[in-house]
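One chain, chain A, appears in both complexes that follow, with chain B as partner in the first and chain C in the second.
Now for the complex of A and B:
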């Protein structure tokens, strides 16, 4: 068990190093000269050359990569080409908004997804089941940017229940929740669909197993059969899906922060890509990928804790 | 000891009943499923729209007519209305189907080719398995659309770059599914037999292993087209895909947003069409999976 954990952590470090290399290399081969970009198109060649020298752009690739990694370990992600802002600071400033959106979205996805999955399984082959199943497939097909736009039109403009966009109030205030609810529902919907499908099929499989029949024949009450005996076992694969949903939610925030005008990492990243601001793109992509890799590790470890039957590395 | 005549006949009868392959059986089953049939019709309509776009619309999708802007659906000569430049929305939707399907299908095809090569190699050659799987792990570290965004960030926004980005994005999951299938197939006796008679690697891989892996590839392919259409629209919406004035569905939603209050149809129509299109591919892929998955008993 300890061996497995160490193995996974070692693997994770390898992946993180690989990711940083891929990102750095991609930015390196991308067309466009950063020095010209910073100096401006009309700058004299000497100025451009001076900037190149100062930035270390004349050094061999691996020296540049080494410098970048040395900075990264000390928390220095470089400076934006566009605004000369410190990349690390710019990211930290926007991180709380993204964390808020993802946490709220994950809550929506888990609650809605598990609830719909259970209902569909309990009423197998009823109209409720068919509605829930089609809903979940539809949830996977709706473009989230369009759903977000429509939600703004209906709830913010026509009904005026919620503000139009942006996170301007602290989390746990009435205004804060009001601002978060529509973006979170939009974000969580497609993951809720995946989770519902998974929960439904797992519940159906578990409900057909022998130990459920045994529990029933012992006279255990139905509600207890579902909630204690079936759900706990059906939840194991659902946890993996929840972990995977995290990736979907992260991709979703990149798009939805743009729709709802939320100042988060996703919006920072899209703006940086449009302006070809490479240090910013690099920082944003690295942060998102690293978070995703670490969360996957946590999910793997949770798996062992929840299901004692699983043992690794033996 | 030979089998009796009757027994032999018995086996022959059973064999005669079997020429229907898994694929044929699957197609029959899909055609019996009403939802799958509807989704197939929707997909065919889209393909028709995409191929015959220039002949089924009356207007050029890029032609502006500033004397007829913001016409609502049902107007004379423009049954889906016009946009802020007076461009015909129906022509833009029909030509948009070309972009969406072209990107979706070509990105999926390229992804299938790349994923198949990597998956076959990783599954069959044990020495290469480790390194290929580590490369795939690296690609999996970029969640969701992020890998496509990174590629677009390097190459710059355009339709061709969208295809490249989405096909690379599709590779890891296809390769992983195929690898696990290859691992099962290669242990079977007929592969050992091929090896023992000295068949070449390409022959074993492409003639004997690959045909036994088509079921998961078909399912992933159908699903992947839906995902690619959705991602194309998302990139277009963010301004990182097809560039204006190209009639791309996602970019149309983003353009229409500004005029949402006066002309809601500019946002509603492309959004609903994207949804129906992706829904059809997902539904069809789902039905294919149910039909091709040996775990779901056909006779049940």
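Now for the complex of A and C:
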């Protein structure tokens, strides 16, 4: 078990190395010159050239990459071309907003998805089931930027129940929840739909299995048959989907932070890409990659807790 | 043989139908039988004859599309036909327990053995934690599981098939039921384990004076454990009687076919003779006796009217037109002759 975790962390280092290289390389070959951005459109070519030289942009690719990696090993993500801010600090400053959005979105996806999935399975072939199934299809086919925009229009502009955008209040205050709820619903909806479908079909399959018959023959209450005997088994494949949803949610934040004017990593990244702020892009992407790998590890560890048949190592 | 006439279970004119997109199909049609205290009744028959659903209907565990459309099920004199699910829950495991065919899938893979037994005990009694734990150990010891204290912490996948079936039996016995229903509990096990499990069930039956209703399609299992046999074909009981009567002196050609299709230790040189054709599907609407298309003695009237019940002697009944004339009686060598001369 410990060995497994160490192996995975070791693997993670290589994955992140690979990611850093790919991002560094693609930034290198991307059109657009950071020096021009810094100097401004009208700056004389000599000034631009001087900036290039100062920033080391004229060095060969591998020298640039080597310099960057040398810094990275010491925990130094470099400085923004644009604002000269320390990249690590800039990210840390924006991180809480993104974490809040993703956590809330994931909660919506998991709670809504699992609940709807269970209800649909329990009321198989009833109007509740059909409603839930249609909802899932709808949730999967509506693009979240459109949904977000509509939600702002309806709930913020017309009904004025929630602010138009931005995270300005602490998490667990009334205002905090008020400003989080619509972005979280928008972000989590399509994942909720995927999870609902998965939970429903898994529950239906599990409910037909022999051990459910055994449970009933023992005199177990129906509610316990569903919520204990069936659900625990149905959750095993659902967890995989939950892990995958995390990736979808992270992608979603990039767009939705823009839509809801939330100052998070996604927005930071979009701005950085537009301004050819290489170090900022690097830092942001590395963070996202690392989170993704860690979430995958957590999902694998969750399997062990939920399914005793799985063990790593031993 | 038990002579006590105390009826534990009485199934009366039971009909079970399944609804499907094509309309209702009758899977069990008008069966009647008893199980007494301390008695082992075996239901035998080919695949699809309705054995499992008969058992499940007694437990009220038929799947949603299945329904008892006629008849009554009396347990200790009380009619269970109209019991609510809540009332049924009190009967399950407390009065009637069931064990299933495949021990590999009958236990919940994500809970420990200990949990699955504990839960069963606590469903029906308010025992303390300590008393429950002791009871779990007692049950595991009873069904011959070594080192029960370690076993309770294990998950089903850590146990062999035979051990899992013992656990299932322990679960079944948790609340001292009066009737044990077993649906081919040894089919999925290899032969040596099979006879161990059969012995265990027999021992426990005697120890607790339980009634046992045992489904199998294995004639050698029947010889080993049954007091009485019910032979089912196409959703009906076609012959019933004591194990001696039916095994030695079968009156229905289908029973004879079942016996001839398995080796007989007493006559190792007898050729095996599988029943030709295949069991009827529920959709087939066979007029008269369901078995007549496969029956080598079939007569004209067999395809016209379902045979009435003929009583061979007090306990031995058969539904076959051959009894009407009284000419036919089972004799293996003779049956060969009859077959050839046809």
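Things worth noting here:
We take it that the second predicted complex is superposed on the first by the 276 of 314 C-alpha atoms of A that agree within 3 Å, B and C clash if a C-alpha of one lies under 4 Å from a C-alpha of the other, contacts with A are read in each partner's own complex, and residues count from 1 in each chain.
Definition applied: contacts are C-beta pairs under 8 Å (C-beta built on N, C-alpha and C of every residue); 3 or more make two chains touch, one makes a residue touch a chain.
Predicted model, so just to flag it, every value in this text is computed and none were measured.
Following the overlay on chain A, a side-by-side fit with no clash is recorded for the pair chain B and chain C. Judged by the number of chain A residues each one touches, B leads among chain B and chain C. Touch criterion met: A:248 reaches chain B, while chain C stays clear of it.
Looking at the shared chain after the overlay, A:307 reaches chain C, while chain B stays out of its contact range. Applying the stated contact rule after C-alpha superposition, one finds that A:18 touches chain B and leaves chain C untouched.
In the superposition on chain A, A:209 makes contact with chain C only, while chain B stays out of contact range. Legend: residue contacts after superposition of the two complexes on their common chain; A:289 is shown touching chain B, with no touch to chain C.
Residue contacts after overlaying the shared chain place A:232 against chain C, while chain B stays out of touching range. Within the superposed three-chain model, A:221 lies in touch with chain C and out of touch with chain B [touch as defined at top].
Between chain B and chain C the least C-alpha distance in the superposed model amounts to 10 Å. Shared interface residues of chain A (contacting chain B in one complex, chain C in the other): none. Only residues 11, 14-16, 18-19, 22-23, 26-27, 29-31, 137-138, 140-147, 149-150, 153, 157, 246-248, 250-252, 254-255, 258, 269-270, 272-274, 276, 278, 281, 285, 288-289, 292-293 of chain A touch chain B when the two sit together in their complex. Of all residues in chain C, those touching chain A in their complex are 59, 61, 85, 89-94, 97-98, 100, 102, 105-112, 119-120, 123-124, 155, 157, 168, 171, 174. By the touch rule above, chain B contacts chain A in their complex via residues 134, 137-138, 141-146, 149-156, 226, 230, 233-234, 237-240, 250, 253-254, 257, 260-261, 264, 267-268, 270-271, 274-275, 278-279, 282-283, 286.
Contact residues on chain A toward chain C in their complex (touch as defined above): 209-211, 213-222, 229, 232-233, 236, 306-309.
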